[in-house]
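Here chain A shows up in two complexes: once beside chain B, once beside chain C.
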Partner chain A sequence: MVAYLPIGYAIALSFVKKTAFSPVTTFSGLRNYRLIVEEPELWGALWRSLVFTAGAVVLQLALGLVAALLLNRAFRGRTFVRSIFVLPYLLPTIVVALVFQWLLNQEYGVVNQLLLESRLLTRPLNFLGGLDTAMWSVIATSGWQYGSFATLLILARLQAIPPKLYEAAKVSGAGPLRCFWDVTLPNLRTTLVLVALLRGIWMFNKFDTIWLMTRGGPLKATETLPIYAYRLAFEEFDFGMAAAACTVMFVILVAGAVVYFRLFDPSREVEVGR
Partner chain B sequence: MSLNRRDFVKLTAGVTGAAVAPQILARRASAADKNRVVFVSEESNPKAIAVYEKINADFEKETGIKVTMEYPGFANIAKRVATLIAAGTPPEIVWYGAGQAMNLALEDQLVDVGDLVKALGVADNQRMIYKGADRSIPTSQQFVYGWYRKDLFAEKKLEAPKSWEDYLRVAKALTDAPRIYGCIVPSAETGASTLLLETMFMKNDVHWFEWDAGKKQYEVSLDKGGNRKRAIETLDYLHELHKFSPEASNYNWGELMSTYVAEKAATSWYVGARLLEQVNANNARIADATVPFELPRKLTDHYYLSIQGFHILEKSNVEGAKKYVRFFMQHPSLIAWYHAVPLHIIPASREMLRSSKYQDHPVIQKRMDVLKFLDSVWGKGVPLYYWDGKELNPHIGLFHNENLAGWTLAARNIKGMKAEAVVDEAANQVRKKMRRAS
Partner chain C sequence: MKDGAARWAPMAALLVILVVVAFPFYWMVLSAFTPRAVLFRPPYQLVRLDLSLENFRDLLFATEFLVYAKNSVLAAVGAIVLNVVAATLAGYGLTRFAFRGKRTFAFGTLFSYMFPPMLMAIPLYILFSALKMRNTYLGLILAHMAISLPLNIWIMWQYFQIVPLSLEEAAWVSGASRLRALREVCLPSARAGILSVAIFAFALSWNDFTFAFILQTDRHMFTLPVGLATFVEQTAIHWGMVMASAVLVSVPTFALVFFLQKYLLSGLGMSAK
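The block that comes next holds the complex of A and B.
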């Protein structure tokens, strides 16, 4: 009931005309879906959701992989450094958003200050307010915050790779790059796919980071589907259309999950991963 | 996807429960408690809350009616009211802007408060009338006006701008980017951009709508005739002014104050005197040099007027709510409520503004120049819902609440679209939203 009730209610709401300030609910059939599909905003938001999801997931995987490879080496204070790497994931999003807003601020931000002092810029950049920079700024923030989630999982898997595989590769004359390509990556495949799926779903639904940093702006440059749905519900007060937008998001995610299960049979992947 | 029988039963029960539960709740809650008043207030300043507590305790002692307060804050009050209505438990009273409350009136959720409006002697230009009845009891108001650094102006032998040309000239003279800027033109999809554009539209007599006497309804007029010409002129003017402002593509209320307080701007503007309060609190060194000025006129002296007040909801304890509002407005502590943020929330009544008991406050005494300024611009402000005609314009939410006006400014200043294209696109957006709403 706990799982189905909100989903069922949201889907039911998408078939009615319901505004915020009236208790009256009128059945409207597919009207909300027809209106929403005709809105260019929906397609723009969908595209930006895909860009944000792809960018954030790729960055998280890249940062996570590099960090995990470094942390898998033996060095003094390794346990301490590993615990430091988990910290961003433990921070509340509001803290991360406020810190990055400050770092990236045009007038008094540290990033602009450093870039100006090192003469890489001649005048400060409005990272969060720029049409070309806002999306990359929120992607970078999400990459920093959630890269450590990927680090954790990848590191756990790295530690489970039998050392004899590396020894055999070295005996065969493989260098570090060859070892990484032929031993590490194949063994990480399952984990990387799993992380990509989970982070992909979470990033596609991500609302808080973007809302807190840019509120979907400037000029909708960072308005993803969750923010579009929020605007419909709480700025236009049209709950029916907002529910239709959420249902569209839900269908896209279900379709993505189905494709995933078809392409990467989880039970087979677990077997391979062992 | 296949469902087994168990899952299907769960799913069906869930959907049915979701559909039925609100109806049941609504029926249970339909009978309002005569001994209770739920009051949702936008003002959550600790000093104001202390006054509410005092008045509420006195009210309960006198009438036996308990007042339950909620303080969801400016950003969440509309959502909270919507939730309470959806749950079938509307609050008795909501205190916030009449422009926001208009959404409730349009859904027939506000009762006629004409008796209170008459008894309290509300001025005609502060009333909000829908379907022939008063829907708002004004308590206070806020004007949109500018603030400037008198010391910096004096250094350059400049005076407060009186015309658009003046404003551009002083903004240019005071700009030494990126150290300091001459003005702030927020150009984002935010409330601040929206209000600046709407005020400057008023200054140049631009209307989004016009009253069609034949059809007895408002029609979009932004992209028609003289309106279009003046709208384009206003956008191009703000585009010029923006050259002497920080880039401001993500500026909202906070940035209007913080940029000025941090001495990165020689002028700013705000709705009310909260900017001065922030200067006093965070950079007292420039407090005495911070003085108000009227945003310059082009064709008119009008500005965006925000009126706050009490709004009483249908299907609630209406009699209890009316008793409370009357009690509140006549309580001796009312003056302390106005003093919660001195000079920011100004009384709805000019007599009150000019009264010695209102002026008897150290901040007001120290800044009588601000009070005199407020008195001098009194009556020039117009609430947006009456800007386009004598009838209440029910469509303002289409461009005001959704920040379409903010988009308009951002599209010109940040995206660099031609003013002509921006105006036409904005008008078409409003028409599209009207079709959708109907």
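The block that comes next holds the complex of A and C.
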């Protein structure tokens, strides 16, 4: 398998000492892991990865749920509006990153202008360059980009709920809120868990959005694990350490995947014979 | 009164979300057509009519945009062709032949679909350096296949299950070889599957930043995402031109969504479930 060869190589690499400057590769056992575990930067990056993942997934789920509930109603031009909601997910990340950098620009950005005009701000914010705002800005950007993934899946599930259930609830005197709580939410539970899990796995390993918007800065404020691994490999040229960081990511991915396969067993979708 | 609010509140909420979703698109397009002199003199008006093609002219004639575009197109075409061939053969084999370890293979395919690009790009960089495959189209195409092929095999696997074996048996009886039966009986029935494989292969290759960024270090081999990223590294950023490039790069996405609306909505649901 094309996909497994590089991973195997990365894990093998994490046990050797290899830098771009030395032609010799020497076996070093667990040295890279000992070094990386003692490295405070790793723990910082791990923590920021968790903050980014949690923030982005919660935002995506919230946006996706609200949008899907609203789009599930009948109104004119629904197909057109729905396809607009699909667009962000299919857009190349570079486009999303460039557009949001422009929107959030400190001097010329329209977001700052609108906030100043509505007097929510007194002076323009440096969204992507500010220590306090950079993380929130990348979280908001990925919420916009991937919220539509959640919308798609939740909407598909909503349409599969039999209308009979709602009729029965109404007959027994349930209001709209009650209907949502007792009919919609229980039916959506599996989908919400699925979206949270998949998006969580993908956001935890997200490189391109963050790198393109902030390069992990300012002062490592948005340096998550994949960016840390990239810097180890291509700025410090320590491939052994980078591979060790990658293996840490891989182990966390495996943990997430185990939960996913336990809960959903997607391989049932194909006939595997025995 | 209460009835009115209950009817209008959701529509108002939808309108707010629609603005949040659509505004970045609108602003991208508007900025792309706004002359440079106006763009750098806020405050802006949200609607304007003094538009020009100046930014597109700068983009096409003063940058290497067309070189990046050529590289992106070549990589995408290669990824489509190789993905379709490999996924069709693998999907066919997986449906029609019985062998041990199928369940493990199904599991492995789905699991590798979750692999993040960074996890594969660093080892591929070292591997391709040794093989002298960095800065080549073949290397980039293979890297893109590493992320798209697993799901594509999965898609074809599901599609071939719908093609009845009896159709194929009829072809064998009339003397067709296994490959001929595959080509003339199975492939036409699995056309929708092949189309989704091609779309998915294209989208992943076209959208990819991470692999191209790490593997293609020579300026002349940059793809669009990597090339565009260099536009905002300068000190005086020509934002109008940057937005013009963003518009051009998203054209295939817009085209896909509007031509294949219905198809995409159902297809995406399937592949992601």
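General observations
As a working rule, the second predicted complex is superposed on the first by the 256 of 274 C-alpha atoms of A that agree within 3 Å, B and C clash if a C-alpha of one lies under 4 Å from a C-alpha of the other, contacts with A are read in each partner's own complex, and residues count from 1 in each chain.
The rule we apply is simple: a contact is a pair of C-beta atoms (placed from the backbone, for glycine too) under 8 Å apart; a residue touches a chain by one contact, two chains touch by 3 or more.
The model shown is predicted, which means the values in this text are computed figures rather than measured ones.
Using the contact criterion defined above for the overlaid structures, shared-chain residue A:129 touches chain B, although it does not reach chain C.
In the superposition on chain A, contact is made by A:235 with chain B only, not with chain C.
By the document's definition of touching, of the two partners only chain B reaches A:217; chain C does not. In the superposition on chain A, no contact is made by A:172 with either chain B or chain C. Measured by the number of chain A residues touched, the leading partner among chain B and chain C is C.
After overlaying the two complexes on the shared chain, residue contacts for A:243 are found with chain C alone; chain B is out of touch. Of the two partner chains placed by superposition, only chain B is touched by A:106; chain C is not. Judged by the document's definition of touching, chain A residues 1, 4-7, 9, 107-108, 234 lie at the interface with chain B and also at the interface with chain C.
For chain B in complex with chain A, the touching residues are 10-11, 13-15, 17-19, 26, 78-79, 81-82, 85-86, 88, 103-104, 106-109, 177-178, 188-190, 246-251, 259, 262, 264, 401-403, 407, 410-411, 414-415, 436.
Those residues of chain A whose C-beta lies close enough to touch chain B in the complex are 1, 4-9, 11-12, 19-23, 35, 106-108, 123-124, 126, 128-131, 214-220, 231, 234-237. Note for the complex: chain A touches chain C at residues 1-7, 9-10, 13, 63, 66-67, 70-71, 73, 75, 79, 81-88, 90-103, 105, 107-108, 110, 113, 117, 144, 148-149, 152-153, 156, 176, 194, 198, 201-202, 205-208, 211-212, 226, 229-230, 233-234, 239, 242-243, 246, 249-250, 253, 256-257, 260-261, 266-267, 269-274. Those residues of chain C that touch chain A in the shared complex are 6, 10-11, 13-14, 17-18, 20-22, 24-25, 27-28, 31, 39-40, 42-44, 94-95, 98, 100, 102-103, 106-108, 110-112, 114-120, 122-127, 142, 145-147, 149-150, 154, 157-158, 161, 203, 206-207, 209-210, 213-214, 224-225, 228-229, 231-232, 239, 242-243, 245-246, 249-250, 253-254, 256-258, 261, 264-265, 268-269, 272-273.
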